[in-house]
Structure formats: C-alpha cells, structure tokens
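The structure follows.
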C-alpha cells in the first residue's frame, strides 16, 4: 500500500486536523468533534443553511465545498463510510441561522438512513430540515430514483448555495437544488482501483489494458469491463450515456465538468474535454463554463467522469455567482 | 500504460487544444502555435511581462499560472522536454508591453539553452529580456547554483507577477523574483514512477514498500531509496532538509506549500501538512498561508514535496495580492 | 433456560460484539465482490463498540434492560454508521424500546423484540424479503422464532428453529440478484454470491444463542 | 574522395537523421539509467526532422551548403529542443556559419567545421571534457581529425582516426561521474554507465563517414 500516512486508523482524524489547520480562516468545527465541519462564521444568521455529509476519501467532496456561496456545514465519515446521525445533528444545530437547513447529499444507503435519523432528531428541536438527494450517476441504475450521487452534486452545492447566499427562502433554495439536479447527469469510468487505508489492499483489480465504464467512486463495478479505448471514444461513450438520458441539442446551454478521480493527470482530462467540446459545439450546444480538474475523487483511483449541467437563465446566474471555499474559488 | 489518451504523439497538442477551449476567456496563443500560450488580453501595455516555459506533464506548472497577477505567457514543450527557442521568442514578442520581459523558469539544461537563444534573438529585436532561474530543490545538489527548479517557482510567479501587476519596473520585478527565490526552498519524495506517454513504460521502478527521498519531478533519482516511512517522519525529514539549508525560527513568518505530485490524494497531503504545521508552530514560526494541493506535478507519480517561503512585509503583501489564472485563484 | 437475566443480556451483547469483530475479513471479502468491500471494517468497529459498551456499563438485576439495549444501539451507530451498522443500530434501539422497563426477558418478549428488529430494519432500509439483504435471513428467522414460541417450543429448540430459518433464508438469497443498496449497482454479478448482511445475520443469531 | 559535393552533404544529412531515429530505444535506456530517459525520444524526433529537411529541401551544385546546414539546425531545434537536441542544433548552425558560402567541403573546411561544432557545444552547454557529456567524445574527435588533416592524412583515414578518438573518449567517460545536466543529480550512480550524449556522438560520426 503506497500511501503517505501514519496509523491507518488515524487517517481521517489526522487529515481533518491538518485541513482545519491549513484553512482556519475559513473552516471550524462543532461539538468539539473534528468530523463536524462548519464555516468559520457559522451560523450565518438569516440565511438558509446548507449541509452535506458522507464518507472521506473524495476530496474536495464533501467538506471542500463548505464556504461562502456554497455549503455551511458537513459531517465527515470514515473512508467511504457515512458519518453518524449524531454528527449530522451537531452540524445541523451549529449552522442553523433561523431559516431552516437543507441537506444535499449522495444517494447511498448508509448516508440516507443516518441523515433521515438526524432530520427526525432536528425536527424534534424545531429546526426545519429538508432533504434533496443527489442521483446523477446515469451508469448506476436505469431507474433514476435508484442512482447514486457523484460529481454532479457540486453543481447542486453551487446553485443552491448561491440562492441561499442571495437570501432565498428554504422553499426557494430547495427548489433550486431540485431544479439543478433535474438538469445534471454524470457518467464515469475507471482505470485502476483505490485502496481504503484500513483495508490496505485494492477492493478490485483491473487488467493492465482494461477499463471499466460506469464504475462507482467507491469502486462499485460498472456497466462493462473492456479493453482500454482511446480518449476520444471514452469521451463520446460517456457523453452518449448522458445525452441518451438527458437530451441536449442545438441552442441548449450547458456547463461541462470533466472530473479526475485522483491519479489521472489534468493533461488527460483536457484531452477528454477537447472531444466533449468538439462534439457538443458541433451539435450547436453552447458551453457556458467548463470545469476540468478534480472535483470528486476516489483517493488514488485513475479514471474520470463527465458531468453535463443543462442551464437556463436562472441557473446560469446562480452558477456564475461568486463562491469561495478552500477547494473552490470563483470570482 | 493506463492513460486516457489517443495517439501518444498527439498528447501535448490535444491537451493544449482542450485547455485552450476550456479557458478561452483567459488564455490564447501566439504565432498560430498552440504551444505559445499567452494571456487572452496580451500584451498588457505598460506592464512588465513575465514569461516561463518548460516541458509538459507538470500541470498546473507551467502554463497554468498564466493569468492576471501572475504570468503573461508560457512556451510549452513536449512531455518533460524544453520548448524550442523559436517558441519562446514568439511568446516574448506577443506579451511584450513595452517595459521589458522577465523569464522565470526552472534550472534545466535544455530550457536554459533554449531560453538563452531566445533572449539573444529578442535582444536583436530590441526587447529587453532578463532571466531568473528557479533552483529551489535542496535535494538536487549541495551547490545552490546547480539545483533544479520545482514547485517553489509558483511563489516566484506569484510575487513577481504581483509586482508587475502593481506597475513595477523590469528592475523591480526582477529584484522581487530574486528575493523570493532567495527565500524559497523545496524538498520532495516519490512513491511511484510516472509514464511518459511516448515512452509507454515507467522510467524507473520502486519496490512495493519503497520510497525515494529527493526524487526529481522527472523521476531523476534522489538522495536515498529506503523503506516507506510514516507520514510524520516523511514530513519532518523534508522539513529538516529545508531548514538545514535555510534556517527558520521563532518570530519568522512563512508560507508553506505541500504539493502533490499527481497520484497522491489531498487527504494524504493534509496529513503531511499537519505535521509540518505542528513542528513549525511548535518552534514559534508563524504560518501566514498554507497551500496544500497540486501545484507542480509529474503526471501520475505518487509522492509530494514541501516548500517553505520565508516572508518579510514586502513579500507578504505581494503574496496576498489577488491573482486569477485557470489553475490558481486568490481573492 | 427460559428467561434471560440482566447478566445474560450483558454477556450476550459482549459475545455478539466479539463475533462481529471476528467477522472483519470475511465480511470485507463478501462485500468486495458486490459492494465496496467495507462491511467488515464497519461491523468490526461496531462490534468492538458493543463489547466496550458491555464492559463499561454494568447491568444489574433490576436495571431496565430496554434502556440498556437502546443505549448500546446509539453507541453502535456512532462507531459504525455504515448501512449495515446503522440498520443494526436501528434494530437494537427498537428492541430496546420493545423491552422498555423489563428487568428480565422471557420467551414471548424475546420473540416480540426480534420481530421488532425485523420491522425496524425493513422500515429504515425499505428492503423487502427477496431484495437480497439482511432481511432475507432476519425476516424468516423472526417469523419462525415467534411461531415456535407461540406453539410452545422451549427456548433452546425455538432458537435452533430460528437459526435454521435464518440459514435457509441466507442460502436462498445467494442465487438472487441484489435489488437495493450498493450491491444493486452491480446487478447480475451479485447472482450466486452470498449477501454480507444475510451472512452477518446468521452469525449474530448463532453467537446470540451460543450460551 | 577528398571533397564533399552538395549531393553528398544532403545524403549524409539524411543518413545521420536516420541513424538518430534508429537509436531511439537505446538512448532512452541509457538516459533512463542516469537522466530522465528521454534522450532517444528527442533525438529520434530530431533525426526525423533532419531526414525530412533533407527530403524536402534540394541542395544543388552551386548552392550555399553553409546556409543549408544552418537551416537544418533550426529545423532540428524546433523538433528536438531537449538538451541534446539543442546542442546538436547549435552545432549544426555553427557548422553552417563556418561553411557559409561554400559549395563543396574540402578536408580543411571539414576539419574547421567539426572544431566549430565542438566549440559551439562547449560554449552553449558550458561543459568541459571530463564532465561526462557529448563533449568527452566530440572534443578528442575534433582534435584528432584536425591534426590528421594537418599532417596530410587522406580524408578516409583521417575520418577513421576521428572515429577511434571518439570511441576512446566515450569509453573513457564511462567510469566518470556526471558533472553537468540532469545526470549530475544522480551523482555516484552514473559511474560505470555510458553517457547517452557521448554514445550518440560516436554513432553520428560513424553514420557520417559510412559512405
């Protein structure tokens, strides 16, 4: 296991300790628990608060989007593990600014169950909580309700966060999160596995010339395992999987995200972006913004995902709104 | 070779094509050559222009720092190869805003020879060119003049770029670049090799439990190959190599950069940062800013480097100056 | 034996916790084949938390066993907030609620508690028998146990009946295709592989009745 | 033969270019052991550019050979701006400058051109003999060739003398420790390994005189 760490048991607490020390101007934590990350200026009174949460090992997802114009708090679990209902509740209490709390997080069994428990407990304390699940991964199920949440969640954080920053009500912020996600689809592929520090070995193997289309960000097997294809073909396959589910055409405006899973260098992501750009613009689709880089990772997994976000004027304005977090700065 | 690419021969041009399409609002190119990257608004008249250049495979280094408050142009070579003197000259011509051009780049044989040729040719066209070489890697030689340039160059881009943005003269901007680099030291280590696309196999191998201290960003062998140590020990070793060469102590103010070489996840970088932070603050050193992430990479190499930047009031102001490039945004 | 005393409950909790710890590698392997390979990590942490809870918290004759179990459930959730851990924690909390105020557990109360665990897991997780989850083992086990107690079988025999039902349920789920949770994303590839949650259920019941 | 015609020069350029292409893997391997493993990539690109240049650009009797070589050097720099490529390009440009205006190359001009190449590389790269670079092969070769011509050896014999001097210089550098360029960062580990640049020099001279 080629990782830079001390005792694998301390991977998450030490990571959080370092991160909080590096970004003390922007981040703090609640309840004396490093896993309950909140904005340094939380609660922002009079603003709808946004919270997320989930397992570690996906930086910048999840806590990397806590900051001005995006999220107010994040409960942090062990690697690929949900945080506990307790921790979500502590975050909820600390960020609540009097106008309700919106949970936005990925559709994973453990997270859903714990967030549901936390929402029930918060409700008993008269904090109004709403929940929007991210289910953007078209590869994970034909049934849109059963899909898992991956990189596309960043657009939900961005637009709902902007709406809250602009003074929107809980209803309005929730509606923006839902509208955003109704227009976001992601498809990914992987070249290599990653290693959970406490397990110490890869959860799966891929042959030297194999790739897996549709693989999940925890290494969940995908749609098909096949020989490695050229970048252009990979780009087109991902694009077609998305537009087959959410058509875009001439006159449409989109944001594009090409996301690296960890070990894939930015150079390769731009090669993928190039093809996506050429195909989309060739079909008359206007690309309003391109996000190429690491937005949702799986530690040292090699591979990438493509996310398309179909925009209207309202979503465009919210996407363009400034934001500043330790991992995402837009001016 | 697990890379997402088309024909390896087209790795650099396709990467550049994608990158220029993704960042058309910020970047453009000169002389009809994608390898001659310039700010979209170049030349900025009345401003000292800054140029860099070097091989591909290190994103965000080099071209990722072209933008407001940092660099004006960058000549891009093949993977780990210098660009040609021609290309540097084209960049120089296009960015020259009437107040001279400063070259800041790493101390590598091929780059030095080509930049020297370019400077001679630019001189014949009455463009005043100055050169500052980056030699921050303490591991690469005992003789400071023979050291190679690595991640620390980002601080030179940042401070000299800020000085130019604030209207400094060529003399002043050059002096800031030199002063910055006199106060910058880097030390790195690697866990795995990387693969040059056109070579197709790793240039070296490291055993499953080995690391190499002091390895260069092209895979140049380092100071010692040894069994993998805990993160805290790695952090301390890098720190001691730096402070042995450039002492810092109680009352000093520094910026710290923990840079990932490509495959090492941010989680691990924060574990390293944590130890650096604790040791330095324990010794009374004040950390003014922390940069943790990928600033200078070697494609999919696993490993990290530590850079210390000793600050005075002038350098602090310049470091804090806003900047905006496709890979580096500071508000 | 026909009723469980406070001391028995505490010991059983400890035993179950230890079994969960021991299952680490096996559950990881089963989950790696169809999920994210971490069931064992999380369940072993949860088991350790249960054993620690039992060690740290005395349960004397006359104490409220229900409250004790509910608190153990909360400790389990904090230590193991994964899908499986959360469902087990939910089950333990609901069993505690069912036993609220009780200072010993007789056969009928035990049967109601196990049925409550089954109900709680189905409510929280929304899986049905046949979805290839822990429910495929737990649901028939709970029904068989309740029926056996109902028809007057002694506790030991009823426990064996329950365990056999769990085993049959677990085996019957193996040829199925996972329909919920992470494993559902794998689809066809889960066919023929045992479900980690169902296997865990059998193991927990086995360690529970191993006196 | 005692003078090179325009046609000979063009053919020689092509031959050298092809040899550089053929050396790809060998130079990569040598450089991998002490540098960044890319000498072959860059030199093969440069060789291809030289061969292409020779194919694309006629050189007729009466044309300026010096200018032709200088342009070839610029094409080489564009295609191969690595250390080795840049040094070779610099050498070629300087050889062109030395031969400026010449329409054939006689033995004495050839000797001056090779000395000029050596000087150019030493000026641009600032390496001295003994630093374990291409200079260790090229410098003795240039000196031996000039001396042989001086003492009246015929061109073919003088060329053999030059090649032997290059080979001896290359071999003598192998036990040394690299003192400049990327290889110097490796330090001790370069001892006993042939220097890619010195090997390349021998190969180029060999292909140059293979008529």
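Here the chain labels run A, B, C and D in written order, and each chain numbers its own residues starting at 1.
Assume contacts are C-beta pairs under 8 Å (C-beta built on N, C-alpha and C of every residue); 3 or more make two chains touch, one makes a residue touch a chain.
Note that the structure is a prediction, hence the values are computed from the model and not measured.
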Please remove subunit A from consideration and report which sets of chains remain connected through touching.
B, D | C
If you tally contacting C-beta pairs for every chain pair, which pair wins?
A-B
How many Å are there between the centre of subunit A and the centre of subunit B, using C-alpha atoms for each centre?
29
Please tell me the distance, in whole Å, between the geometric centres of subunit A and subunit D computed from their C-alpha atoms.
55
Taking the mean of the CA coordinates per chain, how far is subunit A from subunit C in Å?
33
Distance between the centres, which are taken as Cα means, of subunit D and subunit C, whole angstrom
77
Taking chains as nodes and touches as edges, what kind of graph is this: line, ring, star, complete or other?
line
What is the complete set of touching chain pairs?
A-B, A-C, B-D
Which stretch or stretches of subunit C touch subunit A in the complex?
28, 32, 35-38, 41-42, 74, 77-78, 81-87, 90, 124-125, 180-182, 184-186, 189
Contacting residues of subunit A [partner subunit C, same complex]:
77-78, 80-87, 108-110, 113-114, 116-117, 140-141, 146, 148, 196, 198-199, 203-204, 216, 218-221
Residues of subunit A touching subunit B in the complex
2-7, 11, 14-19, 21-23, 56-57, 59-60, 191-192, 208, 228, 230-232, 234, 262-275, 277, 290, 292-294, 297, 299-300, 302-304, 324, 327, 329-331
